[in-house]
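Below are two complexes that have chain A in common, paired first with chain B and then with chain C.
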Partner chain A sequence: MSDAAEIESRPVRTYRRPLGNDWWLRRWSYFLYMVRESTVIFMVAWLVWFIFQVAALKLGRYEPPTGEDYAFIAFSVVCLFFTLWHAVTFLNLSGLILRVPIGDRYLPAAAIKAVAFGGLLFVTIVGCAIMIYIGYVKL
Partner chain B sequence: MAAHEPWHRRADLKPAYGHSFWWFMFGNGGGIAAVFLPVVILVAGVLGPLGVKNFMEDSRHFAWTLSNPLVKLFLLVLCFLTFVHAAHRLRYMLFDLGLRGSVVVLEWACYGAAIVGTVIAAVLLFTTP
Partner chain C sequence: MPEFVDVTIQRYNPETDDKPHYQTYQVPYREDWVVLDAILHIKDNLDATLSYRWSCRMGICGSCGMNVDGYPKLTCSTHLREYRQGLTIEPLSNFPVIRDLVVDIEDFMAKLKSVKPWIIRELEQPLGAGEYRQSNNQIDNFRQFSQCINCMLCYAACPVYGMENEFLGPAAIALARRYNLDSRDEGSEERVKVLAASEGIWECSFVGECSAACPKGVDPAKAIQQTKFDTVNGFVMGAMLMPFGKRT
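Right, the complex of A and B next:
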């Protein structure tokens, strides 16, 4: 066999090493990255449950969840945990991504993060108050 | 040689409008979901079943809340942006997990599901009560 034919017969060597499907299990930081990506599954799952409640209301079959619906409470707690995970990781990036020019400089990243987390706190407190207040409205 | 030109002078490169649109929606969806979704889950999903009165207290309060067009709009925007954000993340997550052979199918499945979910939510929200 000539040298050229011998080289041709070798397996093709690629510059990029093929990435296996379990790469995210090799390092803790990779695993946390995939957990962050998967938080959306729980956010969507809870919103789908909510849309089902709207459908039930439309059909006249709505029954509010009670304290005995342990499975639903556990489901909501898990969804809340991952939604907060998403919120913290996403808003943590706000200082890196958002560029707010002030003259020839930019607002410091720490200030942008503070506004983002302050907004989350404000919306949580005000939203809680409004949604609970509606429950006390006499109809 | 086009390859040696700076990217902004290269005539063979075109703006990826579709890609930029989904990235834009992803960013906005992530922000809106991060700020507004936790409180909704906290009140309606956790505190409500534990005995705290809220807008989902019974069918009358739930229907009264949904009768407000601003509430409908808020919930629709929350659903739409969260679904699109999730579609974008799922698309890349599934790619990372090994589904690398059918990117176009993956895109249509993820973004299509987000749009179908939004349409269903819109129909239900605007025809209820």
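Right, the complex of A and C next:
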């Protein structure tokens, strides 16, 4: 075996820098990403509470909120903000991600975005109407 | 009196070092120099043992990607004047370091090849049948993704790849997207096996740093999200709504 071939056959010793658990603190953009991901914890907590309220309603143990539980109202407002943040950022991307072919071109991104936001508005209005109806008429 | 700038470089010699260390050089400051010029100056005048990759010096070959003050950059396109107070140069993150600023690119090359980045035809036309023609609109559909120069900055910026080296990664997926969108190509079903595997598109949690790091304006995050949608759409349409559609 020639010297060159012998050197070639040697295993290469490399160094891999560990990423570390604090990687998300090294850049502002990484930190914002982690904040965005962490908001899910708040939203899940609110949804779990909501499911328990539905279960209580079914079992006849539901107690309507008095409007004086300010901590819970604040928590709900924060959750609403996070939910809207996710909805807006997600739907803002809909025009880039969804591709509706028209011949050899695609529907403009702005049109897809408009439909997505219109759909959100429609679903929100219908959902609110149903909940208000149930709240005032059925209960 | 000439001005100088402190350039700190991560050094690693696999024959003598257990882990990297840093070495600082005083480099003459020139307004028109890029970071690569400073590294070339060190190699030519101060320390001939320094190892790094470079080739074209004009942002085309993608060889000179390094971390400059923690951010992945093409050093031939990054001006020294942006770091007048000094700078630290390290090899690209998330890759094994072979020596100094040289990283092992084998994993990246294997991933690129795995997505079959070439035009696949079910049946090749004979040469006499003429060329495969495309309209400008058809070219525009994939043009952006064809600008990738394989510099690997997106891999260095991606924390998902840093944590899970099995992840196929931004550039490979963007390149697969480029061919899937090409009107001449018929190979998307072959590529989906790699793209939709557990190490493929679903590993991406949309940090978005790959697109921010790209020096050529490619948007790999967009390619990944589009591929996610197309894969789900293909599954729903093919396997659920029309389960017998392709069994003839």
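We take it that the second predicted complex is superposed on the first by the 117 of 139 C-alpha atoms of A that agree within 3 Å, B and C clash if a C-alpha of one lies under 4 Å from a C-alpha of the other, contacts with A are read in each partner's own complex, and residues count from 1 in each chain.
Quick note on the criterion: a residue touches a chain if its C-beta (ideal position, glycine included) is under 8 Å from a C-beta of that chain, and two chains touch if they have at least 3 such contacts.
Since the structure is predicted, the reported quantities are computational estimates derived from the model, not experimental observations.
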{"item": "First (chain B), second (chain C), both or neither touched by A:Trp24", "value": "both"}
{"item": "First, second, both or neither for A:Leu96, with chain B first and chain C second", "value": "second"}
{"item": "Which superposed partner A:Leu84 touches (first chain B, second chain C, both, neither)", "value": "first"}
{"item": "Partner chain(s) touched by A:Cys128 [first = chain B, second = chain C, both, neither]", "value": "first"}
{"item": "Contacts of A:Pro65 with chain B and chain C, given as first, second, both or neither", "value": "first"}
{"item": "Touched partner set for A:Val35, first chain B, second chain C, both or neither", "value": "neither"}
{"item": "Contact breadth on chain A, by residue count: chain C or chain B", "value": "B"}
{"item": "Contacts of A:Ala111 with chain B and chain C, given as first, second, both or neither", "value": "neither"}
{"item": "On chain A, the residue positions that both chain B and chain C contact, one per complex", "value": "23-24, 37, 97"}
{"item": "Chain C residues within the chain A interface of the complex", "value": "12, 14-15, 17, 19-20, 70-71, 93-98, 104, 135, 137-138, 141, 159, 162-163, 183, 205, 207-209, 212, 222, 225-226, 228-230"}
{"item": "List of chain B residues in touch with chain A within their complex", "value": "27, 30-31, 33-66, 75, 78-79, 82-83, 85-86, 89-90, 92-93, 96-98, 117, 120-121, 124-125, 127-129"}
{"item": "Complex contact set, residues of chain A against chain B", "value": "21, 23-24, 34, 37-38, 40-41, 43-44, 46-48, 50-51, 53-55, 57-58, 60, 62, 64-67, 69, 72-73, 75-77, 79-80, 83-84, 86-87, 90-91, 94, 97, 116, 119-120, 123-124, 127-128, 131-132, 134-137, 139"}
{"item": "Chain C-facing residues of chain A, complex", "value": "12-17, 19, 23-24, 26-27, 29-30, 33, 37, 93, 96-99, 103-106"}
